[in-house]
Amino acid sequence: MESDLRSELSRQGVMIVSLEALYNWGRSNSLWPLGFGLACCAIEMMAASMARFDLARFGAEVFRPSPRQADLMIVAGTVTKKMAPQVVRLYNQMPEPKYVMAMGACAISGGPFKQGYNVLKGIDRYLPVDVHVPGCPPRPEALIEGLMALQRRIMRQRLTGPERPRHLQAGEASELPVPTLGARDIEPPYHAAVWRPPRVARAS
Amino acid sequence: MERLASIQARIEAALPEAKLALAANPGASGQHSLVVEAAHLEAVARRLRDDPELQFDYLSNVTGVDWLDRVETDKVRVKREYQGEEIEVEESVERRVPGYLEVVYHLYSVARGTGPLVLRVRTGNRTDRVDVPSLANVFRGAELQEREVYDLFGVVFTGHPDLRRLLMWEGFSGHPMRKDYVEPDDYEYEPTPHGEVAAKASRRYAKRGQP
Amino acid sequence: MNMEGILALTGWGGLRWVGPVELFERGPVWLRDWAVGWLPEGAKVWAEGLIPAVAVLAVFGLLFGLATVAERKLLGRIQNRPGPNRVGPYGWLQFAADGVKMLTKEDVVPRSADRVLHFLAPIVMLAPVALSLAVIPYGRDLVAADPRCGLLFFFAVGSAAEVAAFMAGWSSRNKYSLLGAMRAIAQMISYELPLVLSALTVVMMAGSLSLVEIVEAQSGYWWGVIPRWHVMTPWGLAGLLLFMAAAAAASNRAPFDLPEGESEIIGGFMTEYSGFKYAIFFMGEYFGMFAVSGLAVTLFLGGWQAPLAVLEAAPSYGWFFLKLGVMIAWFIWVRGTLPRLRVDHLLNFGWKYLLPLGALNLLVAMVWRGLGGWAFPGAGAVRWLACLAMIGLPAILWGRLLMRSRGWGPRVYRYAS
Amino acid sequence: MIDRGGSRRDECEAGGEDAGRLEVSMGPQHPSTHGVFRMDVVLEGETVVRLKPVFGYLHRNHEKIAEQTTYLGSMPYTDRLDYFCSLTSNWAYALAVEKLAGLAVPERAEYLRVITAELTRLQNHACQMGFMLQDLGAMGTPMMYAFREREKILDLFESLTGSRMMCNYMRFGGCRADAPAGWIEAARGVVGDFPRFLDEYEALLATNEIVMARTQGVGVLPRDLAINASASGPVLRASGVGYDIRKTDRYGVYDRFDFRVPVGDHGDCYDRFMLRLLEMRESVKILEAALEQIPAGPVIDGKVKLRNFKPRAGEAYGRIEGPKGEIGFYLISDGSASPYRYRVRPPSLINLTALEEMCLGQKVADVVVILGSIDIVLGEVDR
Amino acid sequence: MSVEGAGLIRGFIETGRNLVGSYVDPRRWVTVQYPEERRATPENSRVYPFLVYDGADPEEGLRCVSCKICEKECPPQCIYIVPAQDERGRPRKHPAIFDIDISVCMSCQICVEVCPFDSIKMDQAYAWDREDRFGGLLLHKADLARPNRYYRELHPAEARVVDEHLARERELRESGVRAAVRASLPGSGEPGGGT
């Protein structure tokens, strides 16, 4: 339905709720995160769920310890190469629809530790990330902003057509290949299907 | 320094075969150390722990240091014949000093509130003679730290109850904390490259060949 | 409006003037009779069973949704935060959002799982507890089924839920699930007994296994003010406390939520469940809590009886659900306060503490009845205190003995010189 | 002392490789391993017969990075070691560098260091108790109360240092910035309110029968083993060793304050829990005195260079009593702008040395409690 | 002398007090309902750096002279600077490119401390959530430039000190120039320099 017609109707007191809107409303307002902390950012994630900021107001305080019941993976902290296979495995264990939030500089790009030999330079090399929340660590307010951005993103999604969410597209795998630990480095260094970085022109 | 010398004398009196050397610290901290031969490390540590006058019962810190092979130039005076005359000239001679791995122990005494006593022990070289006796049987506190030194520096602790890698995964090769460790190259996306990283990143971009 | 009341359809065909009190009180029954009346004769029997069943499921389904939100809000308040407050008015539609999400979530079955058992377990979890809701009288004449042995039916059916927990844990092929399942079984065996024992006291005093009759046995008031609920007697009070402790264990609520102990074994037997199956487990757990709370209300708190004679004007089912709400709030409060027990503590607590006290309570109830003949001034108070001491003192002393024998107790600390 | 631990281990292994054993890998993603820590546990029923910790899931190469950057550049990284206690890590590092370079610290800076370190101790201990109770299965309530108080302290940190968690506050030869106007008063208010929270905690938990049953006699660390395994901080003191670096080393200006060091006699989880409670009460005393006595003056030695800081060749080991135990830094300088060797002595890692001994024969539910009572933080364990 | 069970009851009283207290006691009602309610961040608070410019033109007024000190001192190496060049190819005291990768920045403010020109300062905006990592989190010169007025609003006390310092420097520089000019004039015996 056209959005202006819908808004006109709602002004007249007629609420039109499409199945799509209901579906999006449900999943955006019930984002249960995986209780999954990696490093410093996990503490701010916890702080966000505590009394001062209270993530519960958004219905998102139900930190599920089991990935089977979680909707949102907040990658909060440094992903090391040793940990990366487990993170991908956890993502694979989550049921669709699932979302990934990269919280903090380390999860996005390796952050301050990107120079390290055991640090993965961004979880988006292996997982499709929906929202990036930079910060070192992000303040709880920033995390809440990120959560609201994710909610808006879900509400915007159309269930049909080429723009439909990933989990509704045929051929999009719910499980991603798990990288393995090699003798010197993690292999492969990234999944080409997920990660397509642009080239930044820089003088060496 | 004096106190350390008296400790040295005390240990040498109790363990005549163990030769200790004093290593002076040129820095401001004044924490000088005792260098122990690897063969006598365990006996010395046990003595330090059990001697009623010393009671260094608390092994606070164990760590490795990688000293690379280095070239030293010594000034030597040599006699040379110069225009039929023998004169003494100063020449610089390059000398290759083999590197070694060093394990440093910081001991404290809980019973007496003294410390730190710094012990150092050195391996033969950096490649094949890298073993040092483990202190895990004298101080349990050394167990995990020795594993870490093994993992990151490649010092092999003989007699360690469970010598496995601590931080890196099983099957990893190399010892990352060594000074000559070459880090894996994963600079596929570097918007702010510097120095060496910039070179690596541009190599990466050239290989990928995408715009 | 007519002072006589309003015109109401009282059942099939009976149209007469009734007052608002009667309307609310009898309304549900009339509604049922009216609906049944439309049907042909052969279908009436079925409808008479089906309509209450649907009504119970609908009411408790809604209650389940509201209880989850209430739990999150109340826990929030205990923890100095508001809890869900943005979805729907004051956050009360949070359960709907969760429900929509759960319904549309992918259902993952682990590759190595036993698919049949894995599928059946949530159903086996929910069905018996839903059945056990049938025998609870929600109001005057408002009970889905009133068998002569209602209490027996309740316990027989209710304990099937633990089988479901074991099915779930076993079929998931996950070590944490299995640990949770084993804990569930151990817990069931230990806690059914004290649960039944404390209920048995009531059966003995009321002389009936029918829950409707047990409620009726608690009607009336002492001196016209204090309701004759069982909880007002020493044995009833002790019985209620024992029952609530055992009930928390039976419904896997804190501090006895070991089968799913999140901090130890992830989600216990539910670890591998996702989407709607998980929601059904969740629902089964809440239904179990409603059932035991409803039974506690029925057995000890006078069921649908009003607390004061003047308040009897309010509909009886209103009182029942109010009391049920208080019980649920108590469960939530406990969850917000207490840490979890350990398996062996749980078993010890059940076998060594609750069970002997339950048996003692039976004795106290007998004494209470035996002392009923006393007729000197203040006899009531003496009898009350004597019986309370009979159960209270052993409870405290026995508890102390058990604690001290393990060396548990407060400590005094020294300071280094 | 070691032999006993060893024999106990052998005994359990000799118990037979019969059926009924269950190998569980707890972690690296487990709600109660406080991050990405893993324990490979062998269970008989629910009893632990073997436990092997697996580290390294958060090994982010702190030491290597520090050897490639300047002395100053490592300071913000020390924040991220123990992300609950950035200020004490700052202090330990600054202390080591000051020893290395022979720097003195102005008096006001010393007081600010004591104040921030003790505030850090308060919030760390409060949160540790919250986490431990979370592991015991309390639905977050104690943790919520702890974080409620922590936020007040973080507000102080933010207005002093600019950041809630990653303070990066201390510099070689002092502190980066002086306290803003009104900060001391605000800190006095927070410290004055704190005992109320401690009372609340004590009422909620200290005599709670379930807490006592779950923690008393659980995870006992005998005195000799505690010393031999280099345990430190509250873990060491709970085992009956009155060893506090604030008293022994008298670093900073700690000798000006009157405080006591509580000591436990049983070495179990309850002792470790209660000691933290008592230590917080002592910290409040230190804070009250420090906020009263703090002198005016500069907060940093103006002669110390910020850039091109090159201490002369040598080495130093500096340590302080962090909330989790002895945190020390060992530095070797070769006279250049970055340390030749940079080593962190991580209390969390070393306190885990005797984890297996503490867990053997206990139930699986106790393992998480024992781990919680040790108070580890993975950033520091793996570095 | 304690009675078993008293500990549990004490716990219930405590949680009950908090339950009631969250309705009546402001000390037990600590939630800041973000985004409707926001707490003012303290003056010292810091998130990401920005570049200060004087005057009205964000390009020409930039204080940055492209000395690359911050680039070198930045611990995670997230700053990238290329100096501008004039027509003859000589480096100008102005950055052509000044990028900060905030997906790497650790908000340590070491760049602020080492900057001798007071040109880089810390911002307090924290909401940087982006769906696009590659474009959205690399801040360029234009995104980073902020007027001095903005800095004064964020950090009033600090800005006052900086402004005074800069004014004094400018004065010295100008008086130095004047003195130097005077010194170069014939017949003047005044010593030059602006110390």
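Worth pointing out:
Labels A, B, C, D and E are assigned to the chains in the order they are written; within every chain, residues are numbered from 1.
The criterion applied here is as follows: a residue touches a chain if its C-beta (ideal position, glycine included) is under 8 Å from a C-beta of that chain, and two chains touch if they have at least 3 such contacts.
Keep in mind that what you see is a predicted model, and the values were worked out from it rather than measured.
With steps allowed only between chains in touch, the distance from subunit B over to subunit D comes to 1. Located most centrally within the structure is D, per distance between chain CA means and the overall CA mean. Placing every chain at the mean of its C-alpha atoms, the farthest one from subunit B is found to be C.
For chain pairs B-E and C-D, the one joined by more C-beta pairs in contact is C-D.
Between subunit A and subunit C the centroid-to-centroid distance comes to 39 Å (mean Cα coordinates, whole Å).
If each chain is reduced to the centroid of its CA atoms, subunit A and subunit B end up 44 Å from each other. Our note on geometry: subunit D versus subunit E, Cα centroid distance of 31 Å, whole angstroms. Averaging C-alpha coordinates per chain places the centre of subunit B 67 Å away from that of subunit C.
Among the residues of subunit D, those touching two or more other chains are numbered 30-31, 56, 59, 61, 64, 76-77, 80, 141, 144-145, 148, 151, 166, 204, 206-212, 243, 382. Under the contact definition stated at the top, the residues of subunit A that touch 2 or more other chains are 50-52, 54, 57, 65, 82, 112-113, 115, 117-118, 122, 136, 139, 197-198, 200, 202-203. Counting partner chains per residue, subunit B shows two or more touched chains at residues 167-169, 176, 189, 191, 193, 197. Pairs of chains in mutual contact: A-B, A-C, A-D, A-E, B-D, B-E, C-D, C-E, D-E.
On the subunit E side of its complex with subunit A, the touching residues are 30-35, 38, 47, 75-77, 80, 82, 101-107, 126-138. Residues 189, 191-194, 197 of subunit B are the ones that touch subunit E when the two sit in their complex. Remark: subunit E residues 71, 77-80, 99-101, 104, 134, 138 touch subunit B in the complex. In the complex of the two chains, the subunit E residues touching subunit C come out as 2-5, 8, 11-12, 14-16, 18-19, 21-23, 28-31, 33.
By the touch criterion given at the top, residues 2, 4-8, 10-11, 13-15, 18, 30, 41-46, 69, 73, 75, 106-110, 113-114, 122, 157 of subunit E touch subunit D in their complex.
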